[in-house]
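Two complexes come next, and they have one chain in common, chain A, joined by chain B in the first and chain C in the second.
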Partner chain A sequence: MTTATYKNSFLKEVEANVEDGHMVKMCMQCGVCAGSCPLGPHWQHSPQKLFMMIRAGKREEVLTSDSMWMCTSCYNCIVRCPRKLPITHIMHGLAHYAHRLNLAPAKQPTRAIAKLFWDNLVKTGRVNELKFSLAMYFKDGFGQGVKNSMAMQGVGLGLVKAGRLSPMEILGGHKCQDQNGIQKIVAKAREIEDKRRGLA
Partner chain B sequence: MADNNAVPKFAAYICSGCGIGDTLDVGALEKIATREGKMAVVKSHPFLCSTEGVELIRNDIANEGVTHLCIAACSRRAKTEAFSFPAAVSRANLREGVLWVVAEGSDHDEVRQEMAEDYVRMGCAEVKKMTLPLGNPDNKAESKRILVVGGGVTGMTAALAAADAGYEALLVEKSDALGGFARNLVKRVPFNAPHAEPVPTGIDEMAARVSSHPKIKVALSTTIAETAGAPGRFKVKLSNGAEETVGAIVQATGFTTYPLDKLPELGGGQANVTDQAGLETLTSAANGGAIKRTDGKEVKSVVFVQCAGQRGSGGNGDGTHLDYCSGHCCATSIKQAMYFKDQNPDIDTVVLYQDLRVPGMGEDFYRSAQTKGVTFTKGKVSKVTGGNECTVEFQDLILDEAASAAADLVVLATGQVPNAGVNLDEWTAINTLAEGGDEAAKQQRTALVDNTSVLKLTYRQGPDMPQFKYGFADSHFICFPYETRRTAMYAAGPARRPMDMFQAQEDATGAAMKAIQAIENVSNRRASHPRAWDLSFPKARLEGCTQCKRCTVECPFGAIDEDERRFPLFNEERCRRCGTCMGACPVRVISFENYSCDTVGSQIKAVNVPDEFEEKPRILILACENDAYPALDMAGLQRMTYSAFVRAIPVRCLGSVNTIWITDALNSGYDGVMMMGCKKGDDYQCHFVKGSELAFYRTSKIGDTLKQLSLEMERVQTQEVAITDNARVVQLINDYVAQLEKLGPSPMKGFG
Partner chain C sequence: MTKKQYAFYPGCTQQKGASGSNFTTSIQLMNEKLGIQLNEIPDWNCCGASIGYGEGGELPRLAINARNLALAEQHLPGQDMVSGCPACWLSSRETVERLHEFGSLMAETNEALKEAGLAFKGTVKARHMVEVLIEDVGFEAMKAPVVKSLEGLKIAGYVGCQTNRPFGIAGESFENPMYLDHMIETVGAEAVKYDQKVTCCGGALAFSEPDKAQNQIRQIVESAYDHGAELIVTPCQLCQANVEIYQSEINKKHGTKLAMPVVYYSQLMTVAYGGSAKEAGLNGQLIRAEKLEGFANK
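Up next is the complex of A and B:
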């Protein structure tokens, strides 16, 4: 037996918190998106199935799924959907919502790269490429990090030699001039988003 | 204008156009017509269907007193407008029947000419036995009023359609108000764009229009007590004591919902499990406010179960409930789901379907429901449990897992069961016992008529229209829209197939138009479909009748009753002119003016049958004029070749084939007889319902006769032929000729 409730509470939650979530209820379950998705054989739930799970009230299963994290934004589903649903946007929106609730799969690589990128960017307003690369190399532990570094050694040295990467960035690297302004912009954006979702 | 009191004068006209004169010896044909055919006037023309040729014939009719014509030219199915005369007309098919189907070359000249000469002999013999049909002078429409049985949406629409067309309507309704099932609806599914919201039913306005229409008489709280008579003069007794005369009848008796107590596995009969009609009641009681259960609790969650007790093994059951789809239920459930969402968008509303069927523009309606937040999922429901909290157990076919939904209320979309009246098979079985003296059967028959019959016909063949599978009233027989096997009676609305209100209104309008057509046909003494406009009608020499009852029982249209002495009582206005009664009659007392045992029998005898030494078989083909004869013509049109030893006679229906023709043919030395008719069986294509079936049955009884004549069984065959079978029909004939040649010549040759 399932954990589905076939009540609207989770659907309403998605409508309130997920970009374009209000369109989930319009899905007519034709299966065109499932058939169109190039990731079809590789993920656990097609968009069609995720939408039905939302309508069936399967909250935990949806939010802990790694399916929406695998979306590559090819837009094939949007092009073909007979109901013109913004499926790609909903998939990313679901991923974002799961992340905010801290329910996303712990070791999901897409989530990891997104988080590291964002944290790196938001500190100074500039991406520190050296630190970002090192963080990616060592995200699965020191041993794996060493292996990754050795594997990419040639590329790294090539970049240094070409002047595209500076070892000195380990000491901080370049920044935006107005650091306070950066922080205020990010805070304001979050405030606007929360207000739009009725959370503030 | 010719009339049947004039001294008969016979004439033959031979066309030498279309290659007939180039290949056949027309002079020899003229001699045959003069000497053997005994035609007083014999002429030929190179273009008989031209203005000049037609004028030649018209002059002879007007100035020479010609009353009977044999036209030896193309098929009787060709040039029907050109060869339309106020005279009895036979057609000898020289073009499609000889010229175009006999193999080319001088080697075949002899057999080709013989074939043509026989057809001329046959045409002359046939026309001698004909009279010109003028329509039964006794027929007249005593009433052009249309009786509508049932005052629901269908019946009201039919009455309005007839009345607005200028005819009077009598509307009989069993309950105390107009409106029928629709009277209980809070709203209905929209008929027009934008198909977004349920709309008011409009029933009150329609009923008011019906009640105030000057040409519509309404009888409420009334049923039919008896219907006697025939089209144009039905005598109807009503339960309120009134006696009315009407010309045609529209049966618009609607449906009942499939009963909930037959669905225990879906919670039928349990608390807070209802059907669509029950939900209308709850919604009506709410009067715009919160919809409450019968225990008073407001409904906060509801599940609709589609296909409840419908679609047999494809649905929720296993074939133990209704095997068909009722069509309207998905749109109705969408409408009802909207009742909840429109009242309170927070009510959890789920529709469990197997295939969401929203005919017409219902796709927009479905989308509109989704916009309001109705959840649809594809699921096969296995069990519903009622109670304070209801549970629906189902297989979710999208998520592919067993699932369960809890709800305050469950609504089952059960199906439509037609109110069609008495099943005639059941009635016939009981009636046979009753006529045999069984007292219990007599009471059973009375109860069946009193409790179930709608029309209460005093017909020999039963009190209501025939029914189809699943109990739907007769309709659309073979390819004729609305036509039933009871002339001037038309079923409309859910009584004849499941439909929604929109379809019912359209259907009712069509039925009313057909009723008007039937009345006008009676007024003009014409037959109805399929032999529309036929002016011939059956006559019986009752002095020869042996009261065997075969004609009354076998008539496909219930046209023949029995009088107090058990002689057949013909109701010509009910007749479709198929001739099944003629084929049934063992003493051959039934005939039509231009089609009788004599018209066909004389053709059979007119053929020149060679003796056995000439090695030329003669094979009679009796071909149904609806499918088989057109197929033969089409074979000619496409220049397919078949044997020159066959002589084809068109018959109205295989049901009209009297076995005397077969025995006469065999006695005359024919080597074989082949009957070609339409498909028989459950998905019959016979234009007269069961003529083909009767022919097969009667032929199966001919074995004893064949034995007495020392003839093999293979000399008589019956084949099913469709109108598209022109290639096959050629094969059938040629194979048959080969088979008969193996058997050798008929031993009856040389005695004729």
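Up next is the complex of A and C:
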């Protein structure tokens, strides 16, 4: 596909490309999801609003929205929605699609950590908490990284003392034996999905 | 006693030296007493947690989870896959359900797994440690090994999100699940009633949106205090870490004096079953659970 095919129907584009996107049209605008979000007060567009905007064809506004990145994956909305929309998955799907199209806000902090997290896990098959934390603190440059690390130093040292953060992780740390196999699985899965979704 | 056998999926946080390593310590004696044997799945990988969606998308996430399930089928046939971490459980269980529901996703996932010489047949069940305790062991049998009743200890059972939603423990309500309270009562302690039992701790946003997540954490801890709790108990690794670790940050920023210990249900049970503070992993707390240590040292 090219995105132009869908120029006049953002709903169709969402149905074809966003995880569980075919369920968007089932929303009856009751607002239960909007009232259920733990970070709701910080969402400019609640899930309810996002669904309405999708149907209204507001492609740009939806995909550049900061809101769905505010989803904590608490699944409150899913269990409460009277129409059983898989809202959490749709929020994740919208965020991912916006990220892949590079329309998501560039400096969105959750977008940044989501990428760091995934890259960290694909590399060795397991997440290295120390490298992940450091990568996160340093994502906005070295100066900011030192500041962030200093600010969290107490917490870090406390964890080391409690045996819950190993400084040795920096030298490699936990990993899978078949890292190569894992990377191949991920690459293949991405290739298949990209082809299916016209992102390739 | 012949032990019940399970394929164990520890997940990243429960490895040695990782943030949930004291959970791993605390389940040893508990499982020993309850006749449970966990057999670690060889070469298991990360589940992608919730935050994996951003870069990972759908199929790559399903595929990495299917790799663990395929390894369990291959090396530990006939055993349910059990995870102590709600995020691992959610990811693997969601994978099983989705792949069963959509044949096309199953085919695509297996096409990806073939790259590493693996195949997922779809025979394995993904379960949470708490499910195993409630369904396969039962509250009565959980009570049997208690040698030290934790009488007088007031506990806020904090269920949080992902052990509770979207799947939850069979038969429990999403809004007011009771199983954790029952587990607390099983070891002789008192489960306080408070309003923040199923509130989200902020999840992975504790990293990316610290102030917003810390606001959630503050409400949970303050409500536990307001209702007389001396301890928070949780089944979730991320809840445990977030709610314990950031209290000091909240204190720094807001001048509060929060110092509420947050432990796992397994740490309670291990102490009640006669385990030492060390066996219960209590030396792994940032905020020492002194009252519980007191029981352990009695």
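Everything that follows uses one rule, which is that the second predicted complex is superposed on the first by the 157 of 200 C-alpha atoms of A that agree within 3 Å, B and C clash if a C-alpha of one lies under 4 Å from a C-alpha of the other, contacts with A are read in each partner's own complex, and residues count from 1 in each chain.
The definition used in the following text is that a residue touches a chain if its C-beta (ideal position, glycine included) is under 8 Å from a C-beta of that chain, and two chains touch if they have at least 3 such contacts.
Not measured: the values here are computed from a predicted model.
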| item | value |
| --- | --- |
| Which of chain B and chain C A:N76 touches, first, second, both or neither | second |
| Contacts of A:H92 with chain B and chain C, given as first, second, both or neither | second |
| First, second, both or neither for A:P105, with chain B first and chain C second | neither |
| Which of chain B and chain C A:M28 touches, first, second, both or neither | first |
| Chain B versus chain C as contact partner of A:A114, first or second or both or neither | second |
| Chain B versus chain C, judged by how many residues of chain A each one touches | C |
| Touched partner set for A:A56, first chain B, second chain C, both or neither | first |
| Touched partner set for A:E19, first chain B, second chain C, both or neither | second |
| On chain A, positions contacted by chain B and by chain C | none |
| For the chain C and chain A complex, residues of the former touching the latter | 12-13, 15-22, 43-46, 48-60, 62-64, 67, 108-109, 111-118, 161-162, 165-166, 168, 174, 199-200, 202-205, 207-209, 212-213, 216, 245-246, 248-249, 283-286 |
| Chain A residues touching chain B - in the complex, by the definition given at the top | 1-2, 4-8, 11, 25-26, 28-29, 48-49, 52-53, 55-56, 58, 83 |
| Residue numbers on chain A that touch chain C, as the complex places them | 19, 38-39, 42, 69-70, 72-76, 78-80, 88, 92-93, 95-96, 99-100, 109-115, 117-119, 121, 125-127, 129, 133, 136, 154-155, 158-159, 162-166, 168-169, 174, 176-178, 180-182, 184-190, 192-193, 196 |
| Chain B to chain A touching residues, read off their complex | 301, 303, 346, 348, 350, 366-367, 370-371, 373, 375-378, 396, 398-399, 401-406 |
